[in-house]
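Structures given as structure tokens follow.
In the two assemblies presented below, subunit A is common to both, partnered first by subunit B and then by subunit C.
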Partner chain A sequence: MENFKNLPIVKKLGFNRIILVLVLIAMYFIFSLGSGRMLGQSDLMNALNMVDYLGFLALGVTFVIATGGIDFSIGPVMVCSGLIAGRLLVTFGWPLWLALIMCVVVGMIFGVFNGILVAFMGLPSFISSMASMMLAKGVGSVFTHVQNSNWPASGAPNSGYKYFVSYNGIPTGLIFLLVVTIICSILLNKTLIGRYILCIGSNREAVRLSGVDTRKWEALAYVICGTLAGIAAITYVGVITQVQPGLGDEFNNNAIASCVMGGTSMAGGVASIGGTFIGVLIISLLRVGIQAMGFRPDYQYIITGIIVALAVFADIRSSARKK
Partner chain B sequence: MGEVILTMKGIDKSFPGVHALDHVDLEVRKGEVHALMGENGAGKSTLMKVLTGIYTKDSGTITYEGREVEFHNPREAQEAGIVIVHQELNMMNHLTVAQNIFIGREFMKGKLIDDVRMNAEAKKLFTQLGIDINPAEKMGNLTVGKQQMCEIAKAISHEAKVIIFDEPSAALTEAEIEELFKIIRDLREKQLGIVYISHRMDEIKVITDRVTVMRDGGYVGTLITEQCTKDDIINMMVGRVIYEEPKTQSMVPPDAPVVLKVEHLNAGKMVQDVSFELHKGEILGFSGLMGAGRTETARALFGADPKESGDIYVNGKKVDIKSPEDAVKNGIGYLSEDRKRYGIVVGKTVAENSTMANLRDFVKGLFIDKRKENQVTNEYIDKLKTKTPSVDQLVINLSGGNQQKVVLAKWLVKNCDILIFDEPTRGIDVGAKSEIYHLMNELAAAGKSIIMISSEMTEILRMSDRIVVMCEGRKTAEIDIAEATQENIMHAATLR
Partner chain C sequence: MFEQSARWNEYYRELEPARRRELLDQLCMTEPDDGANDYRRMLFRARHVDEKQPGRVVDRFLFNCLNFAQIWSSAKWFRKYARRETLQTLDAMLAGRAGEYGEAGERAFYWEIRNAAARYLKTCESSGYNRSLFGMIASGDESRAERVCRDVWRMSEGLAERLDLRGQLRLWNRAVQDAYFMSDPGAQRRFEEYCEKNQS
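Moving on to the complex of A and B:
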């Protein structure tokens, strides 16, 4: 095992990521065996629908967790964006492109709000993101008068937003997500922003005493997170078309679970964008697989819960070993 | 000295890639204070961890009270009578003194905790040790010195026969150290075996009977303290003579310009109306007892903590320093006394830490220029002789002295002209210490100006060109090195 870990190719890819991919492949076969048939294209496309929006949420929250914070508002913020932009499009007759930009803008505004509360006003991120979670739910409901926001169905005028999810059977959503994943990975590992975010997560005070305005960089992590929640909204409405107010909580948990599974440390300072991406695939496949095996979807919560507990436990164990 | 109580013979221990202990011997007698010395990383702590069962030895024998023993955890060692008083105190501040001492073995009255009896038992212990502490006091209200006394009392209450002190004096004032020594002598009277780990050479001469020196995980030798000199011990530790004499006169030309002027600085109780000047190329020592407000002054000046009032001039120009960012922009760098909390990002690499203060200069287009970063980091690794396998090593894996060099590199990469060294050699071994001193002298000679806060009198007298003495938040004296003596500094440090 030690020898395997020290192979150059393994080191380059990361041992944990290789394990995760193996887990993913194993899951595919277990679900296929359990459901008595190979999971086919329709199952996988079904899983992919969730991958798209969950992916953007998880990428965003990876930045926040890297600073040592947490954001519980991303799911409701995504739903809120979908509600507001949908009503602007359908009821107020805004052009599609402007409505889609509004999706992103609404997410970004929540990100700025969280960033100010946490980084500049010193609120614990746990509390501030609870607050903005409530706000997002409330604003979405109030703006739509607690009505569903019905985006145009496929084929109807103004239904071009669906191309962000798939186009003539091509999974454009996945391609879109992959591109953003690569951008996020570069952002986190190659730029000033990512360097400071990771260092702040590792030891905020030492970074501040190096003459760095830590508040600015920490707030930026929340802005990135909110913006990506806004982008997630575009693929979210692309998948479900009808947005209901008051939803979104469960997406938080799945997104955070994906991050943790992918090797991002809840203590901050260590984050893996690639790991998050694989984590998203695992969570999504889990949901489809469980349904394929004939269980009710709520079983997924139990399994996700167990996986998250195990992943965090492994994280704590490995950081304890390093000390 | 009485009969032998503890013998460790040929102790060997390897970790993957490191031969941590290479056939080390140690013998402790009853009624003896036995110093265990060596640079950081020499293996002292590892040896003590093997003794108390935290690590399992690969080979060698431990004989305790005439029987060969092997402890599997600290609790077993404790029950047998071997106790460590740790450098970092493991006390719960919101509990009382007595509750802390008897934690895990509380006296019970039925199902309830019997606090009255615990207080009485603690009182008995304190009387036995001749210390005056109220057992019902909250631990958090005691000074570090008193807390250390409680830790010792706790050790005694385990009916210890061998007590290991791991750098007990690191956080104590001179007066508290005196009190500690009184207790240690008392324990020696009572025929306990005492192992005393410390970096402070002066203490070793004062308190110990024998000295065992380790180097690079190996056993170097055991001396009788009375019959050897400081230089003998240092030579054994590092294999070369490095003791330096105190400075006798200032190295700063009288017409050197003032680079930093602080006027009437106020920041809470610990910084009251502090004014001073720092000249180009000068090492300005800040002396005083623990709690004199020296670190607080430095932090207020650096913008790390808010200040209430006061003016700061850099190169004759008034500057407004509200945050560390402002201070760094004005060419001030701060090396904290608590490196792990305030100095370095332990989970990051040497390169990442070295460029932390001016990463912007390493950005090419959108991306960090990794090649330039590595090149500059390597330059400073060479310049400062930092011992690290590569620029990608995590700083957590470096020794204290090398971590300090990484922090220094950070400020030199930033090209700061004013450097505040807060306890620059705390927790650093003798060899690295002298390297840090050389670096500071070189920097001063090259025109950098240095404020050095230090609690070690010898360090103050060896390094400073001029000395500011503080006491309880106020500046009480400013002494040129030519006139400075231990006595007049100590006098000013205890003015009120």
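Moving on to the complex of A and C:
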């Protein structure tokens, strides 16, 4: 095993990332065997539907975890954005483009709010994001009078938002996500913004003494996260169409599990955008695979819970080994 | 090669930029000039003075300790880019100009970096350093010591090895590692073990 780890190609790609890809491939065959048929195009398209919105959520939360914080509000913020924009579109007759912009703006506002609470007011991210999670659920419910927000169905007027997920069988959502993944990767690894975010996660006090405004850059991580939750809302409504108030918690776990599984350290300072993307693919395939094997969808919660626990354990073990 | 007078030692032991400025001005006037006083002033300016906001105190060399560790992490891909970034950072720290002032210049550069590294190591004692689980759990002393060792390795030996910049980072590495070895009695042994474990 040590010899394999020391191979130049393994060092370059990263041992953990190779293991993740192997896990992904193994899962495909295990689920195919378990369900008695090879998972086909429709299963994979089904998995991709989830990849779209979960991917944006996971990318966003990667920035926050890189600072050493956490954001438990991403799922409810995504649902809240979908609810508000949907009501503006359908009930108030806003044009589609404006409603979609509103999705992103709502996410961004929650990001700014979280950023102020954590970076400027010094609240622990764990607590403040719990607060904004409740706030997002409440705002969504109040704004829609606890009614579902029904976005126009395919073929109806104003249904163009569905092109963000699929267009004539082309998985545009995945292409969109890949483009944003590349942008996020460059932002985190090759720009000063990303460097500051990672350095804050690594040693906040040293960054502060260097003269860098840590509050500003930490807050920016939350704004990026909120904005990506808003973008996730566009693909979420593209898949779901009917958005229910009060939901969203389950997406937090999946997004955070994807990040940690992908190699982002819960201690901050280390983040892998590529790893997060592979983590999202694994979680999404897991959901489809469990359904294909004939289990009820609620089993997915059990398995995701076990995976989160294992990912956390592996993260702690691996940081202990690295030291 | 790196030995100097007790007064200059005092200057390089001081970690507060404002006090360092006072000492620098004093020592440049009272101590015999070894030919590197101009260079020392240039290093101070490059490290602590923000030309755009003169009242603001910065510490670019301290930031570069963190920066080099992060470059190490991101240098798996686009190594040329990381190499260029490292060399540009060394240039901004006036590393290339040390030679112009001979042995005294190299000594001044070494001690300036050693001072920055000592300040970095001081920040590692803060309660916010090396917290786990989204900042919720503080680490124990042993875990903290191991993490510091990893950071020092990444910003010195690891970076030089990964980017093949041993020559350019010679003084930097020596200064950072010496500062680390002086910070804790078990540091040198821990560092050597870490180097052995990470030899490619």
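By our rule, the second predicted complex is superposed on the first by the 323 of 323 C-alpha atoms of A that agree within 3 Å, B and C clash if a C-alpha of one lies under 4 Å from a C-alpha of the other, contacts with A are read in each partner's own complex, and residues count from 1 in each chain.
Simple rule for what comes next: contacts are C-beta pairs under 8 Å (C-beta built on N, C-alpha and C of every residue); 3 or more make two chains touch, one makes a residue touch a chain.
Please read all numbers here as calculations on a predicted model, not as lab measurements.
Enquirer: Looking at the combined model built on subunit A, do subunit B and subunit C fit side by side or clash?
Expert: On the superposed model, which is not a single observed complex, subunit B and subunit C clash.
Enquirer: I'd like to know which partner A:C199 touches here: subunit B for first, subunit C for second, both or neither.
Expert: After superposing on A, A:C199 lies in contact with both subunit B and subunit C.
Enquirer: Please work out whether A:K190 is in contact with subunit B alone, subunit C alone, both, or neither, and reply first, second, both or neither.
Expert: Touch status of A:K190: both partners.
Enquirer: Taking the superposition as given, does A:D213 touch the first partner, subunit B, the second, subunit C, both, or neither?
Expert: first
Enquirer: Based on the superposed arrangement, let me know which partner A:V270 touches: subunit B (first), subunit C (second), both, or neither?
Expert: Touch partners of A:V270: subunit B and subunit C.
Enquirer: Give one of first, second, both or neither to describe whether A:G14 is in contact with subunit B, with subunit C, with both, or with none.
Expert: The second partner, subunit C, only.
Enquirer: Using the superposition on chain A described above, determine whether A:I65 touches subunit B (first), subunit C (second), both, or neither.
Expert: A:I65 sits against subunit C, while subunit B stays out of touch.
Enquirer: After superposition on the shared chain, which partner residues are touched by A:S125: those of subunit B (first), subunit C (second), both, or neither?
Expert: Touch partner of A:S125: subunit C, not subunit B.
Enquirer: Which partner, subunit B or subunit C, touches the larger number of subunit A residues?
Expert: Subunit A has more residues touched by C than by the other partner.
Enquirer: Taking the stated contact definition, name every residue in subunit A that is touched by subunit B in one complex and by subunit C in the other, in rising order.
Expert: Correct list for subunit A: 190, 195, 198-199, 202-203, 205-207, 209-212, 270, 322.
Enquirer: Per the contact definition, I'd like the list of subunit C residues that touch subunit A in the complex.
Expert: Spelled out, the residues of subunit C in touch with subunit A are 50, 56-60, 62-63, 65-67, 69-70, 73-74, 76-78, 81, 119-120, 123-124, 126, 128-136, 143, 146-147, 149-151, 200.
Enquirer: If you look only at subunit A, which of its residues touch subunit C in the complex?
Expert: Those residues of subunit A that touch subunit C are 6, 11-12, 14, 65, 68-70, 124-126, 189-190, 195, 198-199, 202-207, 209-212, 266-268, 270, 312, 316, 319-320, 322-323.
Enquirer: Spell out the residues on subunit B that touch subunit A in their complex, using ranges where they run on.
Expert: Residues 302, 304, 323-325, 327-329, 334, 336, 341-348, 352, 356-357, 359-360, 363, 366-368, 396, 410, 414.
Enquirer: Can you tell me which positions in subunit A touch subunit B when the two form their complex?
Expert: Listed in rising order, the residues of subunit A that touch subunit B are 186, 190-192, 195-196, 198-199, 202-203, 205-213, 269-270, 322.
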